[in-house]
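Chain IDs A, B and C follow the sequence of writing; residue 1 opens each chain.
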Amino acid sequence: MSGSRTQAGDRLARIREQTPLVHSITNYVVMNFTANVLLAMGASPVMAHAGEEVEEMTSLAGALVLNIGTLSAAWIGSMHKAGEKAAECKIPIVLDPVGSGATAYRTKTARELLEQRRITLIRGNASEILSLRGEDSQTKGVDSLHSVEEAVESAELLAGELGVALAITGPVDLVTDGRRTLRILNGHPLMGRITGTGCAATVISAAFLAPDAEPVEAAASALAFFGLAGERAGENASAPGSFQVALIDELYRITPEELAAGVRIEEA
Amino acid sequence: MSGSRTQAGDRLARIREQTPLVHSITNYVVMNFTANVLLAMGASPVMAHAGEEVEEMTSLAGALVLNIGTLSAAWIGSMHKAGEKAAECKIPIVLDPVGSGATAYRTKTARELLEQRRITLIRGNASEILSLRGEDSQTKGVDSLHSVEEAVESAELLAGELGVALAITGPVDLVTDGRRTLRILNGHPLMGRITGTGCAATVISAAFLAPDAEPVEAAASALAFFGLAGERAGENASAPGSFQVALIDELYRITPEELAAGVRIEEA
Amino acid sequence: MSGSRTQAGDRLARIREQTPLVHSITNYVVMNFTANVLLAMGASPVMAHAGEEVEEMTSLAGALVLNIGTLSAAWIGSMHKAGEKAAECKIPIVLDPVGSGATAYRTKTARELLEQRRITLIRGNASEILSLRGEDSQTKGVDSLHSVEEAVESAELLAGELGVALAITGPVDLVTDGRRTLRILNGHPLMGRITGTGCAATVISAAFLAPDAEPVEAAASALAFFGLAGERAGENASAPGSFQVALIDELYRITPEELAAGVRIEEA
């Protein structure tokens, strides 16, 4: 897919030029890590969750991330407010339904955001994505009990029904809008041994969507970029602590040309 | 203590097989670090604090951690709810009374959790543990002003009175249930120069308790494992930033056999 | 400025002797990082934000940090309570107006803290500082759209009007109390590619103010120390992940003598 190759490189170049502001309403666990991920790759992170200011902050941003990893009622209210403003400003919204399927509260919150807000892309693991359609899915805390392949059909149906793009991450990642499905082969097993790599995939996708509203190609480029950073990190690091450090380094180092050369995306 | 040696190794092997889910209601400062600690060692972390979902999340878990490091009223309510559910599900609860003795609010909260919930293990520094018995203890913020040795007698009495196991960490760690007391000699001075190593000892203890409700041996194994990781990290790192990275790496690398060989536990 | 040199070294030596407790009411994104910064350099961090305990915690501390990076109403109330107690205890307060100018809520909160509490030092970027005087300033999320030089005059006027010291950080840092202005030349470009380096400059300044209420020299020493750590980190690290690790290492390693030798402060 030489088209995907060039597009991924061009998209990264554009991010580095524009440093899009990504507004995240996200969980406490990953705030620091995902902010560092965005800064390293060349985007600009901001976190704000108060009802008093979320709309104003969203209106300054190039993309909005709604991540339900450590929920509470006030934060859900702010997610809806920010989501409404994002639709008004025509900026993309990426939903990360962390732990959907594990508790009814998370499943309900994720579905309501999906139904009531204009979500551009959902990024989750297979269990989380399955739970959004009311499938009999189980999520073990925040980890998936299902493979990406088990979730393909549901994802394609869900995407078609709701007019949203879906990115399901795992050993192989999959992006679909119901009409077109791409598989992203880049990645490294140690990415599953660091907290917040799923959430990082989400904010990277948001940064790639900021200058470009076409979600399937943008999300696939983002996941290929993140996966390539993982592959390169894994060349020098063999355990999660040093791998995480190297991963941030690679997000900073990979050039658009190196990304274009390293992308492994397949039409599914 | 060749018994402790073998047991520690066996316990680590069981964690790596079972990847127990540890549900933490904990402080903002250490959420990312303790999640990475659990993932590196082979367990599975989840954080959830909303009253709407804590019970459901606890019911999926193999152990519950209640850590009062950045308290507020809503979080205390959720700790009690989750604690009640944990007792119902017969899963172990580890209480980390961060800063107990520093403010009346923390001391009161820690004592109420201790009195009203079925706590399996308390992990704290000497000042925090002393404060739980109403001793004239002082805690400097979240750091101890007392040595572990000063707290031994109080800890043994408290453990006996309340039917709870206590783990007091410091240069030498101590675990007691009032009948039996073990000293753990593993560790490294740089562990005191990273935030959240106490909280990490707590979640590691929770992971060791998940497959095995016998708290004294399980907690001693956990602290020996963590201390050994610190010793190995200290062989290559001489300052806190690189030490923290190496510590996570070692929690991932240490095999059950290496743990059995490296354990330094003494009957007190 | 051999005076500044010696003073910076002496101040660092005093911090290492006294390990001042720095109480931060701060944003979720940087809590872990700034706690590790304080521990590495030889100070002692504590975070507490509940209305029920902030005053008691502040009364134990040597300095108070108020950082508005992830605001909400309850936290603002606690900042005022803690600020009142700090004035009563005569301990310095450092205000970090993160994102002031980006949303009206942040600008209003920062100004009210500044007007109603006895702030010793404000540490911000140029946009944030300009926003405090009602200048037509813009803040892009939490990043500055103005250079330090653009903000000098406003900073000197604001400092004089309010009797507060200001530290404006950027490629070159500037500290002023309206009468005396110092420029700090230490630093490294990668400091802008890690989240929370501004917030770290704030807590380091608070630690330097704890044993010494003279804010201009203390803040300049703090920023020179942090900048020197950045310079040394940059000698071995060329990307943000490894740079952050090295930065923490250097905050631990730099001796008072090395600081005195490395300080680059100029009278403006």
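The rule we apply is simple: a residue touches a chain if its C-beta (ideal position, glycine included) is under 8 Å from a C-beta of that chain, and two chains touch if they have at least 3 such contacts.
Computed from a prediction, not measured in an experiment: that's the story for all the values here.
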Common touching chains of chain C and chain A: B
Type of chain B:chain C copy interface by residue overlap (half), same or different: different
Centroid distance [mean C-alpha coordinates] between chain C and chain B, Å: 33
Shared interface positions of chain A, touching two or more other chains: 28, 32, 244-245
Of all residues in chain C, those that touch chain A in their complex: 27-30, 32-33, 69-73, 99, 102-106, 140-143, 193-196, 239-242, 244-245
Footprint of chain C on chain A - complex, ascending: 21, 23, 28, 31-32, 35-36, 39-40, 44-50, 52-53, 56-57, 60-61, 74, 244-250, 252-253
